[in-house]
């Protein structure tokens, strides 16, 4: 039972970071391998505001989100648009995007190492225990979970029920057709990438409330986000959320039943099994 | 009066000149057909007229007297030009309803969306029957309806259609041409590229003949249909069916 | 073999012969640099054999390299060294077969992620096994193999890789891979067993990387998961291959030489900014030399021609 | 008999795209597969070529069951196809585009023999561009020709042409029709999926008409095109009356 709840709590934040990647890949067609570093940057941001200014993480997020939006918009506008222009096909853009963001991930790690150093970081905030079904859980974890849930719901509602959300999905499905209905495709892609980055960074800030992190841990989160996106199916928002909870559950189960050192191995195994059984993802329907 | 005026349009792909100083115009309420062999540059003209292809210096596009040369594609749509390209360019993973809603995304169309929707659904009753169906699960003919319906949702003054009958069965093809005639009656102008030259000329008011990127003839469609050269090149030897036995 | 090919062959053989003389002149810094060059030349060239024509970007080099290293590390006290190299080759081939068979149906991004994860997975499992069943976190590889021997071994391996690459490029298999890289659907429809062709190349590429790891294990003396399976190895190999150019057999070498030298400088001058600079150089290559140095070299005569002609 | 299809059924999700379809093909015969959009014609082509696996039924090519074989195995048994939307290998020359078809397929050629065959075919199909031109520089019609040459070079016994004549003008159509007729004269069996009625009438020995995944008529073009069911499902009254 506590595996179930623990997995659920973890899944919430996972969902948030994977939705960020989903927006970047689904709409802007950039499989962002620097996604994990953006998450770690968010975590460092929250840490810095908390330790430097005693600012509560929830307040820090209010500052981190617009900051991350601007940074990611700039990354897309200045670094990725040339690749989009150069690409002759979607396949080529994917490859170029992977390589470019891959380089960026190293740069981000390098920058964070230079600023913060290579140690492990954590801070204590809301460290009281809360009892759910007679089991103790950190209040910080529950708070982070609730915040993620609110963000996720807001995102899903925005995407499926507003004109701008629909425009975003239109670009994801068929950029040429989107241009034909007067959607500004380049701008929409940039916005989607920026929102994706901001969402991921907010996920990092929330994770930092209860997780120890260091400058080079990003690749692990990139892998997890990628696994979730693929499990859920590219472009499938609900699938992503479901896959995030599944992964959170699987990891918690392996960590508490087998060994905490094998969580990534478990995630990876899950990924392989699903890929072999359902190559389009658990909830994917695209042909 | 709604009118698209294309003057001296030239398009090139690298070294290759696809279109050379072509001038065309379409007025509201008329169907104009472009005839020409494959590779003559018909699709290029339509794509350029939707702002998707860059035109060479010297070309100009005017919509209702407003110069829209060198504008991005979304401004062509806002000016009242809607293209249904050869591959239809529908949002296959979205529903019929969402496709039509996206058609009304241009600012010019937002206010009139309910009226336009009623008009489209009257034209294609089948779309009214299944608003929530994903377009990718529909047949080719139904997808073509979605594509044309979505273009009409943008409240266009001019509709550009690239090979709308390609891949349609004879039955659906007849249906399509009947709907084109109905669309014209709503005061929309249609610029049509169509392989089925016989039927296209039958409903068109005027036509242009394009050879190697140049407009070599332009006239009323009755005149074109009786032109011996046109008959030979685009209508088949005896004008009805090909007999090679 | 035509006259031109024979000429090329003699030229390459001469170059190899000259390069093999290095240990007679220096056994210190220059030899160690030579070993690094040979190692990356082997890895980048074998990577390109598979990824060049198919456009599948593999980040699994570290997985194979580390596996080879660990085979030697684990068995160095039990079996003679040559046997261990053979076992490493076999293990690499088996691993590549397994990975190949499971992933060859998936393409593009999925494959990249799969291979990126593979090294991480093996690293985690090895770390877990070591900390759970043994007391240490690494293994000692103590042998009497000198750096000169390692250098010669690597050069022989490199010669083998070039020979294999040349043979593949002039065979049906090479043509099949080019078609696959163009359009996999068409490839299947004209009778190409696409899965088999890809798996075969992946096995060759993986086996070579594994053997390379086994050959280098004695040089490192102490083998640790974080070093043996470091994603850095995969990344560097990809960068060098791309920098050199993946459309020619000799392309990767054009990337290996300048990059390894540059890396020596960076590591010596800016030891704390290696990650940052690695990322930056990677970006520069992706943006400014998308076809690699080989592409630049090949286009150069053409540009000259067009200038003279026009 | 070169091809025997018995009870072919293919479903996507709950929808039966092809429903218990049976037909045969003899050498030197052109079979027209016609029907409204979404009636399952292209699905039939995809199942025959192995791109899709049928859920039920039996397919025999030259008395060999091919229903469970993969695409490349079927190609090697002597079946070749073209695609509805032309698929050219973009990074290869015209000659290479044709030659690759003869290396791995039914006939296996290599070296000088392969080169000669490819050049002969290019000439025969009327591709006037140099063999070393990049294939992407060709016009649409020439790309279609190259694709056909790529299918023919392996000397297939059964040829599937998926709307190969679509989008041609009357002159090109005439050339295309006589070309296909020549192929029949060589003894190849050909299945064509077409909407161009003139081509169907002048080319096909026999037609299978599909609607909703099922066969609704079979016979000579003259009889099936006069069939009431075919007229109401496919041709429309205008054609029926004519």
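Order of writing sets the chain letters: A, B, C and D. Residues in each chain are counted from 1.
Please note the rule applied: a contact is a pair of C-beta atoms (placed from the backbone, for glycine too) under 8 Å apart; a residue touches a chain by one contact, two chains touch by 3 or more.
Model, not experiment: these values are computed from the prediction.
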{"item": "Count of contact steps on the shortest path from chain C to chain D", "value": "1"}
{"item": "Remotest chain, chain C as reference, centres from CA atoms", "value": "B"}
{"item": "Averaged-CA centre spacing for the pair chain D and chain A, given as whole angstrom", "value": "47"}
{"item": "Separation of mean Cα positions, chain D and chain B [Å, integer]", "value": "30"}
{"item": "Chain B and chain C, separation of their C-alpha mean positions in angstrom", "value": "53"}
{"item": "Rounded Å distance between chain A and chain C, as computed from the means of their C-alpha atoms", "value": "32"}
{"item": "Pairwise chain contacts, counting only pairs that touch as defined", "value": "A-B, A-C, B-D, C-D"}
{"item": "Touch list for chain B against partner chain A, complex", "value": "50, 52, 72-75, 77-78, 82-83, 85, 89-94, 98, 101-103, 105-107, 136, 150-151, 154"}
{"item": "Chain C residues touching chain D - in the complex, by the definition given at the top", "value": "172, 175-176, 178-179, 181-183, 185-194"}
{"item": "Interface residues, chain C side, partner chain A - complex", "value": "55, 57, 102, 105-106, 108-110, 112-114, 116-118, 120-121, 124-125, 127-128, 131-132, 231, 235, 238, 242, 272-280, 282-283, 286-287, 290"}
{"item": "Touching residues on chain B, where the partner in the complex is chain D", "value": "37-39, 137-142, 163, 166-175, 195, 232-237, 241-245"}
{"item": "Residues of chain A defined as touching chain C within the complex", "value": "25, 31, 79, 82-83, 86, 91, 94-96, 98-100, 102-111, 113-114, 216, 219-220, 223, 226-227, 230, 259, 261-262, 264-265, 268-269, 271-272, 275-276, 279"}
